[in-house]
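First chain A sits with chain B, and in the next complex the same chain sits with chain C.
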Partner chain A sequence: MDLTTAQAWLKRFFALIEEHKAYLSELDNPIGDGDHGHNMARGAKAAEEALQAQTPTSLEGLFKSVGMSLLSKVGGASGPLYGSVFLAFANEVKGQEVIENPQQLFAAGLDAIVRRGKASVGEKTMVDVWSPFVEKLAEGVSLEDVEAMVLATKPLKATKGRAAYVGARSIGHIDPGSYSSGLFFKAYLKELA
Partner chain B sequence: MQGIVIVSHAYGIAEGLKSLLLEIVKDVPITTAGGLDEHTIGTNLPRVTQAIEENEASTLHVFYDLGSALMNVEMAAELTEKTLIIHKSALVEGAFIAAAMMMSKASAESITEELKRLNVK
Partner chain C sequence: MKKILNAPQDVVEEMMQGMAEAHKDIVHRVGSTRVLARNYEGAGKVGLISGGGSGHEPTHAGFVGQGMLSAAVFGDVFTSPTPDQVYEAVKAADKGAGVFMVIKNYTGDVLNFEMAKDMAEAEGIDVDFCITKDDIAVEDSLYSDGQRGVAGTIFVHKILGYHAEKGASLKELKALSEKLLPEIKTIGLALAPAIVPEQGKPGFELADDEIEFGIGIHGEPGYQRVKLQPSQAMAKEIYDKLSKALQLQAGDDVVVLVNGMGGTPLMEQYVFVNDVLELLKKDNVSAAKTMVGDYMTSIEMAGLSLTLMKLKDKAWLDALNAPVDTIAW
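Entry: the complex of A and B
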């Protein structure tokens, strides 16, 4: 994946966020504060504006710009989490014309999420889709796989993030951050296809 | 010099707590990162960083509320030259006791030790 394709990937992701904004916030209602869609849409808009104002000339520049926009504009936990993902991506692709090792890229993103949020697998956070996605990437992962990973967060009981405050009542709801991460992966897979 | 930084999702909480502290302290620098702005709930890195850098003190006791507040504080801590002590105590009680102890010239260590009693996070 080169700069142009990576730009198309992120553009597609931002469009998906905008499209699913209401649904993402709806998912956040029963187990959080109902703002995940709004938070992400605010970040996506800021990121697009920054990219328009200054067109990136490298993969590193692209990821760095998006990371900084998300860090400063999102306003919820997804800000520092996705922001750290993109800064880790930027660091990973330093000097690369094309993304040389996608699995390593996503693994660096996952590491950044874990470092920032300190969640492990099974705590009903975006880690629960990032982790299996990274694992499956080497052998090939489909849109259906991503869908299944997102749905698998439903029966989990939240022990991290805002959803942890509602404890057992978080069971039976899809984790909003996992859903938006699913959109991120789907945008990536579609752009590769 | 020691100072206090208050990080809350709500502008009103951060400012309100600051007023509460100013009732009992005079010379303690207190800065806030409350909400994304006056009307929007949330926390973000630039506002936390600003509260840290604007504070006159170089040793800062940081008090925060929920979820992303801590993530942003920890990111800001990695970016600043200042010494940050991030307290897991109840926001209002923790900040109040820290302020009172600073008035009686308590050391950062003794404040930190005292506040452990109030840990809720």
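Entry: the complex of A and C
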């Protein structure tokens, strides 16, 4: 994946966020504070504007720009989590013209989420889709796989993040951060297809 | 909703501008950022910053000035500031000896401040921090993993600020914070909810004759709702819990803070503190210093919180009593 394709990937992701923002916030309602979709959409819009204002000339520059936009505009916990992902991506692709090792790239993103959010697998957070996605990436992962990973967060009981407050009541709801991460992966897979 | 506003979405921006203009002898706004920094330079000293969602005024910017905070960062109402803005506060506070951050324990605040720490360290600024969690009312809460940071945080601002001014290092401030934090405990109570301007409706509901013990400074649920009772009974309910948590014994010295939540008159706060001081006397615990007033509010919530700090070290009292040049201490 080169700079142009990576840009198309992120553009596709931003469009998916905009398209699903009401649903993402709805997912956030019963187990969070109901603003995930709108916060992410605000960040996506800022990221698009920043990319338009200054066209990045490298993969590193692209990820850094998006990371900073999300950091400064999303807020809550998702801002620093997604921001950290993109800053880790930027670090990973330093000096690369094409993404040389996608699995390593996403692993760096996962690492950043784990470090920032201090969550592990099974706590009903973004980690629950990032972790299986990174694992499956080497052998090939489909859109259906991603869908399944996102849905698999439904029966989990939240013990980290804001959803932990509702504890057992979080069971039966898809984790909104996992859903938006699913959109991120789907955008990636579609761009490669 | 009836508030003195121009537009709800401009409330933080205009409040900041107002504070900076009104108190330009003490603070200034850093460019167009969400940061108010002190005019006093403090060259070579560790910078001390704090911040969080707005709506708790005079916290945090009211405590910016010589001898206390170097800078404060403003989030939207009841919303954590973003990392880039916290980073701006770190940069404004850095005078060559690093920056210490006082973070209240809310998931968003902790994430965003830690992220700012990484950003600052990438630019070569040393940063350390402590996380206040003085509210013992509930274990986990709506916005926090573990206990919440509330009014007792201002003791940390003041005592660390005193030592930063005296030239303490980052490491020394960290060590001091670790001694201080376990000795500060708080519980709040609410009579009526607050309204976040952009939401336009109360964050929770309480019947006319009801109060809630253990409420958080964002209206997070407490531990018990009861019928309105005399101040003496409210004071006893909260005092007993704090006294037990601090294991107070006859002969101990404490600092008392009765903190108004924004919608409770000083008249009532003094009635309440009178009851608290009676309870302390009965237990032969001495109030070495007593503070009453609106220090960490929850917009216009009616209610108050009681904080007790056990004076394990008498020097903490000197640090609290030392003069400062701030808007609100």
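As a working rule, the second predicted complex is superposed on the first by the 193 of 193 C-alpha atoms of A that agree within 3 Å, B and C clash if a C-alpha of one lies under 4 Å from a C-alpha of the other, contacts with A are read in each partner's own complex, and residues count from 1 in each chain.
To be clear about the criterion, a contact is a pair of C-beta atoms (placed from the backbone, for glycine too) under 8 Å apart; a residue touches a chain by one contact, two chains touch by 3 or more.
It should be emphasised that the depicted structure is a prediction, and the values quoted were computed from it without experimental measurement.
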Would chain B and chain C fit next to each other on chain A once aligned, or clash? clash
Chain B versus chain C as contact partner of A:Gly109, first or second or both or neither: neither
Regarding the shared-chain residue A:Gly117, is it in contact with chain B (first), chain C (second), both, or neither? both
Contact-wise, after the overlay, does A:Gly177 reach chain B, chain C, both or neither (first, second, both, neither)? neither
For the superposed three-chain model, which listed region of chain C (20-28, 200-208 or 290-298) is the one that clashes with chain B? 290-298
Where on chain A do chain B and chain C both make contact? 71-77, 79-81, 83-84, 116-117, 161-162
How about chain A: which of its residues touch chain C in the complex? 68, 71-77, 79-81, 83-84, 116-117, 160-162, 164-165
Show which residues of chain A lie in contact with chain B when the two form their complex. 33, 35, 39, 71-81, 83-84, 116-117, 161-162
Residues of chain B that touch chain A when the two form their complex: 36, 40-46, 66-68, 71-72, 74-75
Hey, which residues of chain C end up touching chain A in the complex? 75-76, 79-80, 82-85, 107-108, 111-112, 114-115, 140-143, 145
